[in-house]
Amino acid sequence: MKKIGIVGATGYTGVELLRILATHPDVEITYVTSRSNAGTRVDSMFPNLRGFIDLEFSDPTTDALAQCDLVFFATPNGVAMKHTAELVKAGVKVIDLAADFRIKDLDVWSKWYGMTHACPELVEQAVYGLPEINRERVKSANLVANPGCYPTSVILGLMPLLESGLIDLDNIIADTKSGVSGAGKQANVATLFSEMGESFKAYGVGGHRHLPEIAQIFSLIADTKVDLTFVPHLLPIIRGIHATIYANANNDIDFQALYEDRYKNEFFVDVLPAGSHPETRSVKASNMCQIAVHKNPESSRIVVLSVIDNLVKGAAGQAVQNMNLMLGFEENIAINKPALLP
Amino acid sequence: MKKIGIVGATGYTGVELLRILATHPDVEITYVTSRSNAGTRVDSMFPNLRGFIDLEFSDPTTDALAQCDLVFFATPNGVAMKHTAELVKAGVKVIDLAADFRIKDLDVWSKWYGMTHACPELVEQAVYGLPEINRERVKSANLVANPGCYPTSVILGLMPLLESGLIDLDNIIADTKSGVSGAGKQANVATLFSEMGESFKAYGVGGHRHLPEIAQIFSLIADTKVDLTFVPHLLPIIRGIHATIYANANNDIDFQALYEDRYKNEFFVDVLPAGSHPETRSVKASNMCQIAVHKNPESSRIVVLSVIDNLVKGAAGQAVQNMNLMLGFEENIAINKPALLP
Amino acid sequence: MKKIGIVGATGYTGVELLRILATHPDVEITYVTSRSNAGTRVDSMFPNLRGFIDLEFSDPTTDALAQCDLVFFATPNGVAMKHTAELVKAGVKVIDLAADFRIKDLDVWSKWYGMTHACPELVEQAVYGLPEINRERVKSANLVANPGCYPTSVILGLMPLLESGLIDLDNIIADTKSGVSGAGKQANVATLFSEMGESFKAYGVGGHRHLPEIAQIFSLIADTKVDLTFVPHLLPIIRGIHATIYANANNDIDFQALYEDRYKNEFFVDVLPAGSHPETRSVKASNMCQIAVHKNPESSRIVVLSVIDNLVKGAAGQAVQNMNLMLGFEENIAINKPALLP
Amino acid sequence: MKKIGIVGATGYTGVELLRILATHPDVEITYVTSRSNAGTRVDSMFPNLRGFIDLEFSDPTTDALAQCDLVFFATPNGVAMKHTAELVKAGVKVIDLAADFRIKDLDVWSKWYGMTHACPELVEQAVYGLPEINRERVKSANLVANPGCYPTSVILGLMPLLESGLIDLDNIIADTKSGVSGAGKQANVATLFSEMGESFKAYGVGGHRHLPEIAQIFSLIADTKVDLTFVPHLLPIIRGIHATIYANANNDIDFQALYEDRYKNEFFVDVLPAGSHPETRSVKASNMCQIAVHKNPESSRIVVLSVIDNLVKGAAGQAVQNMNLMLGFEENIAINKPALLP
């Protein structure tokens, strides 16, 4: 049994990690931290875990974390970068669910996250934890930067087209919609039930932190600078991301076959039959990404629809997928379960 | 045109007052205050009011408030009691939408609200603003204590039975359910969308501030001490209260006729046909209270169902109803509109 | 008082017409029809109308409808076209809230609606009832085709750019999201609460009836064929449409000023300050369309955000706006009310 | 691997059975029936099952069902009673998730379900499948009547008090609230999203089928006739039941200890710490029942709060719990997973 620590487990990605790992046969959660809730039983904050997690939150110490085989940081941006170097030096594998190690260009990172990076030397070394791109590198990584939720949905949705060079690189639009849990569990007027319920809006049209993350990966795949228009919206649901991606084909091939072929060996990417419209509920509580690709026969326009659960494939589930790879387990252990419908 | 001021208009009862008064032909909102948002345009905080309210929030001053004919306090508990005496002395009529003047017994008030009352001399003088009980007293009042949302639904629901002396006074249960807007607009983890959505729970089973308010009115009506079991719950909707009230009849009469007769002259209390189940949506955005009374023919049990919009008949709408009475207008001006359905 | 009839008033656009007209000072609803509910009181089906509408549903007869000054058809597609000619001949003005008279090209209409048109001679004569384009023609019309909900949001959102010739006509995308009430009140598994709640999906990517309606108006405005990519999605809310519209500028001007200038005299189109993100809730229950225009300074991409209430500006409210024009009333009577927020 | 058949698997209890059984290590779903969808792939109707269930719906035949070790009926009331006798005779174990075998008194059954029973001889033999009462009888049963969702929540909530004889039997009230999925997946105007969303109502105050089911069990436990007032309400959530149960104590003991002791060996009944308010979301997608018991120190009133997921402990999960017992497995296999929160 591998020993697992979770730093900052009082948020939504934290409780989701605990929920998933509670049924993992090969790991043991030994250490769960929260400065502000030290001494509180985990299951008194999260009653869904009663009978499954018999731990209290602890004040984090490096010594205790160094006893773990692998540590997840489910903390706000800027926390993991202060503690990761010590842990990696001590031989502990680290997965950061925040953004500290996602962006390779430190200037870009500082611009979007408003901080100077505390650990630049590890940024280059960190592996971007999207197994569908980086599986082999994740297996041997000491430090994995777990992707953002929007980037996961958009990159998986467009990757086959980018890899094949079949689309115009200057005319890509990602119109994305996310459930409210993506905004976290902080007390905030803007995400109150009475503010978010029965309503819908865009936000961040002028710029969003996930745009440079997506652009970085797109540019790596296409081997040239790729820009895109990225407009996020807030859905009055708790879990789920739906990305509607628009691109223009420069050639006419069987796009359905392209997608099916690209993902035929991927357990967590499911290309739906031609003509489908994936629903976010079909992946709720699951690590699946379901994708449909539509090509208008009378024009060059391609529309890709891609859905994930932002807390699972967009956060905790993907982190466990990465953990499984890093610790040498089967990739889908503990995340091989059907979604909850309805 | 009467001049109206609103103190603390950045919360949900505040914006609802503004929405209702915006279409009132005989009043003019001249002064809207908020310490923390002084200088902000009202319609930049509440875009639904663009084109209807052309004002900024001001830092409140007694001088400016004293220019008004009537002032609403849409503030947290404990604010109105500090400013009302001066205004009343200056001849300004005051309606407090909070709880400062609802409870006559100051010890009870202090126990539940955790403060010493700053203005005991006005408590006795304040009129409890439920027009269906106190219409004539409201008309001549200088200070009205606008009732709580739960008390409005429960008192209107049970009043005909209490007045008639037809039920046991020691076996009354009010199982009440409220939309989340009743909890206000403060940043609070407990009322986030992701906490409240797709869930339901009771709260305050051990005691709730609205219990002594209801008990006080029940005791006045019954002319003896009346206790009740009061259990509030939180509904994953924005607006609406549903009270399910249980009582035991000590006599068998035509309860439907009793209710219809009691409320036949009340514009805002609507007794539904026998066998009905009122829905909260049928009173959404309206000042109506819809009531159904059910008597089990095989037992003495009576079940009363009572619905209101907590922000309208449970707060701002009832406050406008009181204002209309206090200023000598027709009682239903500006609140004589059908509910929004669906 | 003008006499108003409503054919097929048991659906959501029907009840919304009744709600709005109940407070209209210059009209009287004299005749409300429903074949399947003839004899039922209107307010027993819609309890929000108790005290406001004192009518029963009638079996429709041409004689009775001919007594009205104006008749609304709130019926499924294909009904109004069978009865309108007789009414128009009898001097009754008609507003069809369905699609029977929206599309001028009868072949296109038949293709999308799956019927042969029963009244081609009136199609040409019908005025497309978007007052912001056709105000003067609506005033003198006998027959108005009330626009679809998506078309209203998309046309108002893009019109200033189309009129000014400032965008590429071959690269327009409308990513639209609608509340469930747009799907109507028919019993249907797909729109059950348990199917629609806590989920989100696109539909009709391969084609939707509102596409040719939008394209027709766009082509009229641009005076050349305009195509667009139109992808509708279903939101888990009851009311509200949000259109996110993407276009490429061929010139760089002050787009904010362009929009403000275009709509400065329009009561029901409200251009928000630069940088805004309109929310559907800010127009809930109101006839407003709120619009924000965003231009990326580093690219040619324009993003327009446009919100309406699909049942009001997208249906019944716009129909009343048209009625006011046709009957010589002030355009905003009965629809000059702030939205319901929260 | 035991062979499992499911009759009528296109509804919500059917898909939930499939979701749970898909991860059960000791059973194999071999046969899934639906008359109206024969030939359709299960995962084309339920995309959450893609990759987990590789079956088509079949037209049911007794021969094929007789090949199974155990058959679930997830059918409307009145179906299982026509087919169970043959299956039991063939040695197949049967669990009926509908109401055909829940009520022992056939006159009562006929009154509430509006049919004559087709198989009275099996009614007496059927075991009421609430393992917390009938564990040993379920283990040896050939036919299990899976309890209703409301009865499960109410019986588990009140059982310790009834067994101990500590409450008045003539003054019990169960005010219950259920998510909409409890109403099933039939096309129905009343359960449309636009009808159920943002609203709340009681229904069946005059009588509900689950009342005689609860009363029957209560009377068995108390060994005398027990009546109760039962008022169900509809919550705008998909999953979850909350029962608020009121009783009067005839003695004052440590009720918290009573409950903890009664359920200390029950895996699926979790008594929360004193003063708790269980939330339906804490048991979403799980087979847990969470209970809190509150006693007012100043009166004899006891308030019990009990939550379950109506599709799991209230239907499919409890059915699997019964299956595990009937087939000699550990009771909690495949249902030993934390709830989904948030």
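Note that the chains take the letters A, B, C and D in the order they are written out, and that residue 1 is the start of every chain.
By our rule, a contact is a pair of C-beta atoms (placed from the backbone, for glycine too) under 8 Å apart; a residue touches a chain by one contact, two chains touch by 3 or more.
None of the values given here were measured: they were computed from a predicted structure.
*Asks:* Contact counts by the stated rule: is the higher one at A-B or A-D?
*Replies:* A-D
*Asks:* Taking each chain's centre as the mean of its C-alpha atoms, give the chain farthest from chain C.
*Replies:* D
*Asks:* So the centre of each chain is just the mean of its C-alpha atoms; given that, what is the distance between chain A and chain B in Å?
*Replies:* 45
*Asks:* Suppose each chain is reduced to the average of its Cα coordinates; what separation in Å results between chain B and chain D?
*Replies:* Centre-to-centre distance between chain B and chain D: 39 Å.
*Asks:* What whole-Å value do you get for the distance between chain A and chain D if each is reduced to the mean of its CA atoms?
*Replies:* Going by mean C-alpha positions, chain A sits 36 Å from chain D.
*Asks:* Which positions in chain B touch two or more other chains at once?
*Replies:* 12, 181, 194-195, 197-198, 236-239, 278-279, 281, 284, 342
*Asks:* Quick one: which bits of chain A touch chain D in the complex? Just the residue numbers, please.
*Replies:* 12, 15, 18-19, 22-23, 44, 46-52, 181, 197-198, 238-239, 267, 270, 272-273, 278-279, 281-286, 288, 290, 336-342
*Asks:* If we count contacts the way the header does, which residues on chain C are in touch with chain A in the complex?
*Replies:* Going through chain C, the ones touching chain A are 171, 173, 175, 177, 194-195, 197-203, 205-206, 227, 229, 231, 233, 235-240, 242, 244, 246, 275, 277-281, 284, 292, 294, 296, 299, 301, 303, 305, 307, 342.
*Asks:* Can you check the complex and tell me which residues of chain A touch chain B?
*Replies:* So the residues of chain A in touch with chain B come to 12, 179-181, 185-189, 191-198, 236-238.
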